[in-house]
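This is the structure, below, for whatever I ask next.
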Amino acid sequence: MKFTKTEQIRFKHVDFAGIVFYPRFLEMLNDLVEDWFAEALDRPFSKIHESNTGIPTVDLKVQFKKAARIGDVLTKQLWVLHLGGASVRCGFRFEDDNGKTCLEGEVTLVNVALNKATNEIKAEAFTEDTKARINKYLLA
Amino acid sequence: MKFTKTEQIRFKHVDFAGIVFYPRFLEMLNDLVEDWFAEALDRPFSKIHESNTGIPTVDLKVQFKKAARIGDVLTKQLWVLHLGGASVRCGFRFEDDNGKTCLEGEVTLVNVALNKATNEIKAEAFTEDTKARINKYLLA
Amino acid sequence: MKFTKTEQIRFKHVDFAGIVFYPRFLEMLNDLVEDWFAEALDRPFSKIHESNTGIPTVDLKVQFKKAARIGDVLTKQLWVLHLGGASVRCGFRFEDDNGKTCLEGEVTLVNVALNKATNEIKAEAFTEDTKARINKYLLA
Amino acid sequence: MKFTKTEQIRFKHVDFAGIVFYPRFLEMLNDLVEDWFAEALDRPFSKIHESNTGIPTVDLKVQFKKAARIGDVLTKQLWVLHLGGASVRCGFRFEDDNGKTCLEGEVTLVNVALNKATNEIKAEAFTEDTKARINKYLLA
């Protein structure tokens, strides 16, 4: 199973050449992860932070293959490559209307507990419920 | 030789947990590349775009190793791993005040000609002058 | 008639205090104007720029009245206060789920022609068709 | 006395037309306020947030008068128009290299206490020390 959302390219995303400035693609990737946690994993980011946990990105690999322009509607897909105790490595791909890949890659997230008093950040195992939900997106 | 700049972490860079939101790190990386082209390669981005050329990022690998917070001053370093005809693969590292690595990785840029009338983007060889300047940053 | 869209507050919008960083609200306002031009005025931003015209913001007044947080869904409304030959002054309001105003204000846009060769920007009258479409949103 | 900083326009700031996208100007304004608090008012934003206080923007008026482009170096100035018990209204102006005004306006900030447990935000009087420091920037 792949987690899928669409996103329209907007004026704010593009650079002087009229194509998406790549850090904006990574904001779109973060939105995709945020939607996956809220809609599929029952862990909306609002509650993650109330509970002083987080899922920072620790590793990112991206190939940018095709420019995207204002008005393009991209299909964003996310799936799981590997689930560890406190981390998950996901694959992702953004495609344009014609099914051409604009970007694809891998992103690794770690489940952490944040101690706001000491600023310490420590890896913390996913719950069994979260693991079960993540496993539904594991690419066989 | 490494190309080096410093950047202070600001309020606008951090997320709800008080640590840099990772797409902001990639804006800082883009600034570093922009400074390198302007200060070391004699190709300021303002002129690149007047001349309808560009250097889009086609491949990015990053490991995020340590969180950064408001007020931290990071040292950003860039060097060359491989110079091709129309592309260059660079290494980069951002370190905090104590010399600890916050992030490091590799980024590949391609020199292109933009046809604004047709929206075509084509790879175009670097000039010999630009190649000579880039080669000074090649890690032996 | 008011032009209305909704937008969900996301992780990327909020600051260290967990509330929307105000420049992000203005990106949301720009999105609202972009949607209005595309959906109601038959002038999608993609085509505006192909034709070397633009509608830069020349005046902005905002009162920020209530913080917004991750997961809040805001209703964004836009209407017309005054239509000039080449400019339009709009009122706007963003409300939360309970109908409370998060922000409201006025924004003035000018229709311009861009000369990309000389970098000149000149005011240019709206077409009669655009004026007729804008007038539908004029608050009596 | 005016508080003054310079900032160079970068690739990430500009839009498809090659001019600064106006929400980026407001990030630059926020940086200016942040620098003023750190360098002139002895209240760096890092410490403001450790102490669960903040200074949200509640009112903003801006006139955008002249476009700015990549490579332009703007001089950003801030001064005080009115100091209340828990709020301060400031004037600001960004000028280009030739002394031409790119934007100018007024911004009102409120000193608040944040209750992170209940999400309450309450106005709180500035300390006498902070008031004395702010008053040095009051335009006679």
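We call the chains A, B, C and D, going by the order they appear; numbering starts again at 1 in every chain.
Definition applied: contacts are C-beta pairs under 8 Å (C-beta built on N, C-alpha and C of every residue); 3 or more make two chains touch, one makes a residue touch a chain.
Worth saying up front: this structure is predicted, and the values here are computed from it rather than measured.
Set against the Cα centre of chain C, the chain with the most distant centre is B.
Over half of the residue numbers found at the chain A and chain B interface occur in both copies, marking it as a same-residue contact. The pair A-D is the one among A-D, B-D or A-C whose contacts match those of B-C for more than half of the residue pairs.
Between the Cα centres of chain A and chain C there is a gap of 28 Å. Centre-to-centre, using mean CA coordinates, chain C is 23 Å away from chain D.
Chain A and chain D have centres, each the mean of its CA atoms, that are 33 Å apart.
In chain B, the residues touching two or more other chains are 11-12, 16, 18, 21, 23, 27, 30, 49, 69-70, 116. The part of chain D that touches chain A in the complex is made up of residues 11-12, 14-16, 18, 21, 23, 70. By the touch criterion given at the top, residues 10-12, 18, 27, 30-31, 34, 38, 44-46, 49, 69-71 of chain C touch chain A in their complex.
Residues of chain C touching chain D in their complex: 16-19, 21-24, 26-27, 30, 49, 54, 56-65, 67, 69, 114, 116, 119, 121.
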